[in-house]
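Naming follows writing order (A, B, C, D and E), and every chain is counted from residue 1.
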Amino acid sequence: MSKTQGASLAIQFDAQSVDNIDIDAICRLRKSEELDERVVWANIADCSSSSRVREVAQAFGFHELIVEDILGNRQRPKVETYGNQLFLILRLPDTSSGEFESQQVSILVCHHVVLTFHAGGEDCFQHLRARIEDPGDSIRGRGPDYLVYALFDAVVDTYFPVVERIAQEISDVERRLAEAVSVDSVTHLQALRSTLFVLQETIEPHREVVSQLGRETNLIDDQTRLYLRDVSDHLSQVLHATETHREQVADLRDYCFAELSFSQNETMKILTIVASVFIPLSFVVGLYGMNFDPTVSGWNMPELKWKYGYLIALCLMAAIVALSLGGLWWLNKVQRASRANRFMTTRRVFSK
Amino acid sequence: MSKTQGASLAIQFDAQSVDNIDIDAICRLRKSEELDERVVWANIADCSSSSRVREVAQAFGFHELIVEDILGNRQRPKVETYGNQLFLILRLPDTSSGEFESQQVSILVCHHVVLTFHAGGEDCFQHLRARIEDPGDSIRGRGPDYLVYALFDAVVDTYFPVVERIAQEISDVERRLAEAVSVDSVTHLQALRSTLFVLQETIEPHREVVSQLGRETNLIDDQTRLYLRDVSDHLSQVLHATETHREQVADLRDYCFAELSFSQNETMKILTIVASVFIPLSFVVGLYGMNFDPTVSGWNMPELKWKYGYLIALCLMAAIVALSLGGLWWLNKVQRASRANRFMTTRRVFSK
Amino acid sequence: MSKTQGASLAIQFDAQSVDNIDIDAICRLRKSEELDERVVWANIADCSSSSRVREVAQAFGFHELIVEDILGNRQRPKVETYGNQLFLILRLPDTSSGEFESQQVSILVCHHVVLTFHAGGEDCFQHLRARIEDPGDSIRGRGPDYLVYALFDAVVDTYFPVVERIAQEISDVERRLAEAVSVDSVTHLQALRSTLFVLQETIEPHREVVSQLGRETNLIDDQTRLYLRDVSDHLSQVLHATETHREQVADLRDYCFAELSFSQNETMKILTIVASVFIPLSFVVGLYGMNFDPTVSGWNMPELKWKYGYLIALCLMAAIVALSLGGLWWLNKVQRASRANRFMTTRRVFSK
Amino acid sequence: MSKTQGASLAIQFDAQSVDNIDIDAICRLRKSEELDERVVWANIADCSSSSRVREVAQAFGFHELIVEDILGNRQRPKVETYGNQLFLILRLPDTSSGEFESQQVSILVCHHVVLTFHAGGEDCFQHLRARIEDPGDSIRGRGPDYLVYALFDAVVDTYFPVVERIAQEISDVERRLAEAVSVDSVTHLQALRSTLFVLQETIEPHREVVSQLGRETNLIDDQTRLYLRDVSDHLSQVLHATETHREQVADLRDYCFAELSFSQNETMKILTIVASVFIPLSFVVGLYGMNFDPTVSGWNMPELKWKYGYLIALCLMAAIVALSLGGLWWLNKVQRASRANRFMTTRRVFSK
Amino acid sequence: MSKTQGASLAIQFDAQSVDNIDIDAICRLRKSEELDERVVWANIADCSSSSRVREVAQAFGFHELIVEDILGNRQRPKVETYGNQLFLILRLPDTSSGEFESQQVSILVCHHVVLTFHAGGEDCFQHLRARIEDPGDSIRGRGPDYLVYALFDAVVDTYFPVVERIAQEISDVERRLAEAVSVDSVTHLQALRSTLFVLQETIEPHREVVSQLGRETNLIDDQTRLYLRDVSDHLSQVLHATETHREQVADLRDYCFAELSFSQNETMKILTIVASVFIPLSFVVGLYGMNFDPTVSGWNMPELKWKYGYLIALCLMAAIVALSLGGLWWLNKVQRASRANRFMTTRRVFSK
């Protein structure tokens, strides 16, 4: 969903002037080697269009592998140099589907021309364009390597709102947990956790790109190299945040499971008490439900013939109930006391 | 709850003299460019008042974005430079509601004037004011950058009592746990853990502010840069403490759940024993409660007609009880012995 | 499964020319000391053939220990120097059996001759051969130490697809988990985890090899030493990925177990409810199944003779059911409320 | 419990001579500014005595804040400089109560006088006094800064036996666990773990003291700074050991809980088998305990009238028992086989 | 079990010559100060013999503390300097009892004499002796400090087979786990884990010895200092391996417990189903086992008198079974569906 038609336009600038020019014009000038020394940034937002990319590729003499990388959308972030061309692949977060996905941004530097190819979508370079148009901005007097830094920084900055959205979700779940723990919260947390893993895997390789950019090429001057430390810092910040959030999510999830398990066990404890009381009672009533014939001998269930047999049986059962409950209560008290006592003793680690 | 009316006053000082002056006066002098070379610290404690902030902003020529950041209370800690103006946002802990929250402190340096904006509340700068008024203090002979350092340090120092309060709570919970484990302790620990996460998220970005302050600006001189290492150390200390406490809390919480689960299971073990004993008995009494007609044939429950049938049945049941309990005891003993034996064997890792 | 017969051929090259020559020819030339100064790479793909290895060993005067190491397939990655010979053992991933295994690659550098010995299998050096044949490639103008770096890099690069395959499996399992948690997923995850451990143990010692290569020998020149940092970076990347995946797998597995345990408990909760309701009922029906003789006295189970005795008993049972279910529901509600309340209270960490 | 009365004596020394002098004498000499240039170490073991501390404070002109810090026993380890006075607070372990506690040691350096204040208790400075009295010891020729280092080192060294005592306890518990797992072991381990947390919190801030000592002051010369690295190393060693032990304790505790839970479940498994066998039997005996009147029609429980009814019922029950047990056994076998099979399949991670 | 009697012999060597000499001879020469400048290595394998150690001590003038340390076997690894004598204590693994234990190796350097004391056992210095006897080996031309390095390295290398043996055990257990999870595996794993902790505690202090050797002494020359980095690397490797194995063991153990718990719960689930089905049935049969007298009124259990009463009761019970099982199945299906649905929903983290 390309928002601005102008997203595919190109800008040519130096400290004095800025011109919007046509990409076709750049290709034409480039071929006839008439392109002047000003920095050119051409942003091709419809990089899935094979014909457009090939057209530009031909004008600038890209390697065939670069064209393939640009047209595919499956490359990991990387940096490559082909002669004096610098080729970068970065990945932009794309949350338009509701789930976290990422889109490829390809940056190609060829002398003082910087070409960016991406799939349209949200325009993360808008702020950068505004900076270029501002005559007082520091970007105006600098070369294409600074522009590459600025583009990289803009890409990295798009990850911050994503992480903040997740942090928001986490605190939402946490707030709901204060009311009640449910399995819904667990699946929500698991989904967040899995999103955080994908996020980390997407961001992680950008670090390698920064360090390679800073090391390998002679296309980046020393001052811009300093700025790259900024990008590296931002990447570390985002990665640190994802890690903290991942830990937090795992922790909350484990807490949920522990509490769910606790409350399930509480329910079963009720069964325990009910059963512990009634099982002996059922035995007693079963006992006097036996059909031994009392008429055969005086040994066979004489209780059945007693005048107060039934009442005695009822009293017996009442006594069993009292004993069971009392026993459970007493056991609990004894355990608690012995536990507190154990704690007292074991705390004196150094006593002997 | 603004404690001191003077919190919104300004101080002008150098090595020789200190003057309390009026903020309006500073604005007036600034406009007419009559402000002398002494360091000025103007502390605006009612930064939620839009008119006051805008008035000051006009006098010092702030960027509109700075005004918005000061009036909002939702900015993450950051540092920005606008020309020769240095703008910092820090966050102060605010525990007045009982829960941990944070309030924004905005610091703006413009030549030798340092402006601080905050929401009132507890006055963490009181100690700093006292230092300025002390003629022998090192702050007196230094520039605005040192004052920024001192302000930053004062902000960071407010986190120490917060962390200590939490440490206090943890050891309270731990003391209570020695007496009895309860679900209350678990929720208390979970609340502490979640507070520690928020605390960490609040403090973390200050690190980035320190490192940017030390790197980017030419407004901080080399000696002050050394002092910033102190701030960085204090931040590390606070963060390290939050992390240790978080681990400790998680550990205690897991311990609670484990012990709760253990004692729930102990209760259920009682059911097991009761049920294991009574279920066979119930079968026996049920057996002799069957109504097969002994008159039809001698094969139909002749026991019912035996002279000592009932007594034999009772003895049978007593034998079952003895066997059940004896069996459980024996099983336990065998398991324990085989376990000890297994341990002995497996310890000889290198024996063959 | 040696794919290319040519895998055992040798190449002799410098900046100007590349020749495919015979390994036997190299051995012959070497013996007569007629080998010119071009870099020679001899790749012996059938290193399990003892006679071939011994033949080469004799021509180049290997130490007997080297021959044994080459013929065995059980050596950990290592680097050794014998006089001016450099001997490296690396390990290649081998997934042809479906499980992760590794095969030994032995590299021996002797003046400007680089000999590689491996067990055939997938040809990871194909890309390298293509580079050597390309006249414009940087490898052409360089010495045997650069070739060693290139071989090392090629070996390390073979681990990337292995890690990606595992990442793929993990996300497959994760997708299936979204539908249903099963024990199958758990065993799958455990298998992945165990593979990741083996993978890490295989890769880890290569780091030591890199650092020793960079430190100990005077056979590696300074520029190549810089390139070794690249190998080191790639190793770190692979190891970092295995670690992240291992964490992810352990996490998913624990999640599975937690959910399996939760759903088992849910099933048992049904028993709890069923039993809590029916156990008291069974007692009641057992009670009126007792055979106390009502004819002996009016105290013996007079209910049995009441006109509406049965109906009253049924009503009693209905009441018990209602009370049980109502009690469970009420208990649940009370617990939930008290829990929410506790959360509210404990959140106010700083309130007193 | 002050062991040696001499603990409160002072020593004055240089490379040539050592004199035991009186603290009062030092105070007197100090006031009349007649103290010569030798290093003085005055150890005040009764620092809880307010009058003694104030007397010394007056003689040396301490800041009032220092006096308060010395008399209190609640300060965290820290280092402060007041003009050319260096003030350190360290903490000594105190295990005399059986539990781990810590006591404050205050060190004040004022020119060539080093004053130490502590609460008496175990005398950790005994070894140091012996060194000073040895004419050949390196401490004799050095300044007060080296003495501070030696005092610091002596304090840090007192933590080693504490950690070793805990390690001893851990291996005791571990040995007992080999015989039987009990709840006692768990509380013992929890107590150890909580002691380790307190220990770490006590030691941790000393690191900051070392790094501040090495950085901030011009009272420490370069050579002594090197020795401080030793203190730092020892602190790291102690902290590393506490961390390892904490991990070990947590691990053992979790293991205990897991095994306790396992053996509880084993007990419940018995119930499962007993109940699974008897519950159907109880149903059968209950069935034939029903009172449907067989005289009403031939459809009403004709079995009761059968000649072999009772025997058939008994056989039916025997068959049920056989089926139940056989079914459980078969189920177990099938599950085991399918599990082994699943493992085989999932191990072939790379097979397709 | 001292394997070689020669283990207690001494060697005197320089680049040109090697002589086996008698330890008594060395002591004699040393006393008469006639020992020449060649490096002497005297290996005393019977260090538990007090008389032998004291004899050597007298000849070389050891400090009494050194003699005590050598005769005891309980010292942690450490390095000490007494004047120009360097004293090291290292620990050798000893697995002869089947369990992991360690034995002390004491190394004393006094001018160009290196004395090693150990308890006999496996001879880890055999390889080193062979190197010294080889005229071409680099050790021949070097001083006693290099010999110390070589001894240290030999000691550290003895830990590798120990770690590999444990790795072997782990993979054995893992292979058995693929067939069946048993409590035996758990105890085996716990034993391995506890061995790994002891191993780590034994190795860890050697690191400190290396760093002190490299820092404190002027007895180690710069080149040997470089070699010490090798020892440090090997220590790191061993420690890294123990840590990885410890993690792996803990992981497997937790996995075992989780699966044991899972399969215990599966068994209990059977009870759940059996009980859920039979408990209502038992109620029904109990109901019609009640003895309400149908002759008193038509309201008292008229079913007992119905013609098809029994059949109806049987049908009722069959219906209950069908409903129970159907209900369980339906519940399961609904839960599964709602779970899958929840997963779908929660995955769309960014949807609103």
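By our rule, a residue touches a chain if its C-beta (ideal position, glycine included) is under 8 Å from a C-beta of that chain, and two chains touch if they have at least 3 such contacts.
Computed from a predicted model, the values in this text were never measured in an experiment.
Think of each touching pair as a link: the shortest run of links from subunit B to subunit E has 1 of them.
Following the contact convention of this document, A, B, C is the list of chains adjacent to both subunit D and subunit E.
Think of it this way: of D-E, A-E or A-C, only one pair shares over half of the B-E contact pairs by residue number, and it is A-E.
The distance from the centre of subunit A to the centre of subunit D, each centre being the mean of the chain's C-alpha atoms, comes to 35 Å. Subunit B has its Cα centroid 22 Å from the Cα centroid of subunit A.
Counting only residues that touch two or more partner chains, subunit B has 183, 190, 194, 261, 265-266, 268, 271, 275, 279, 282, 286, 289-291, 301, 339, 343, 347. Arrangement of the chains shown, judged by which pairs touch: all-to-all, with no pair of chains left without contact. Listed in rising order, the residues of subunit E touching subunit A in the complex are 289, 339, 342-343, 346-351.
On the side of subunit D, the complex with subunit A involves touching residues 95, 97-100, 162, 165-166, 169, 183-184, 187-188, 190-192, 194-195, 289. Across the complex, subunit A meets subunit C through its residues 178-180, 183, 186, 190, 193-194, 197, 200-201, 204-205, 208, 211, 250, 253-254, 257, 260-261, 263-268, 270-271, 274-275, 278-279, 281-282, 285-286, 288-291, 294, 301, 303-311, 313. Subunit E meets subunit C in the complex at residues 167, 174, 229, 233, 237, 240, 244, 248, 251, 255, 258-259, 261-262, 265-266, 268-269, 271-273, 275-276, 279-280, 282-283, 286-287, 289-293, 296-297, 299-301, 328, 331, 335-336, 339-340, 343-344, 347.
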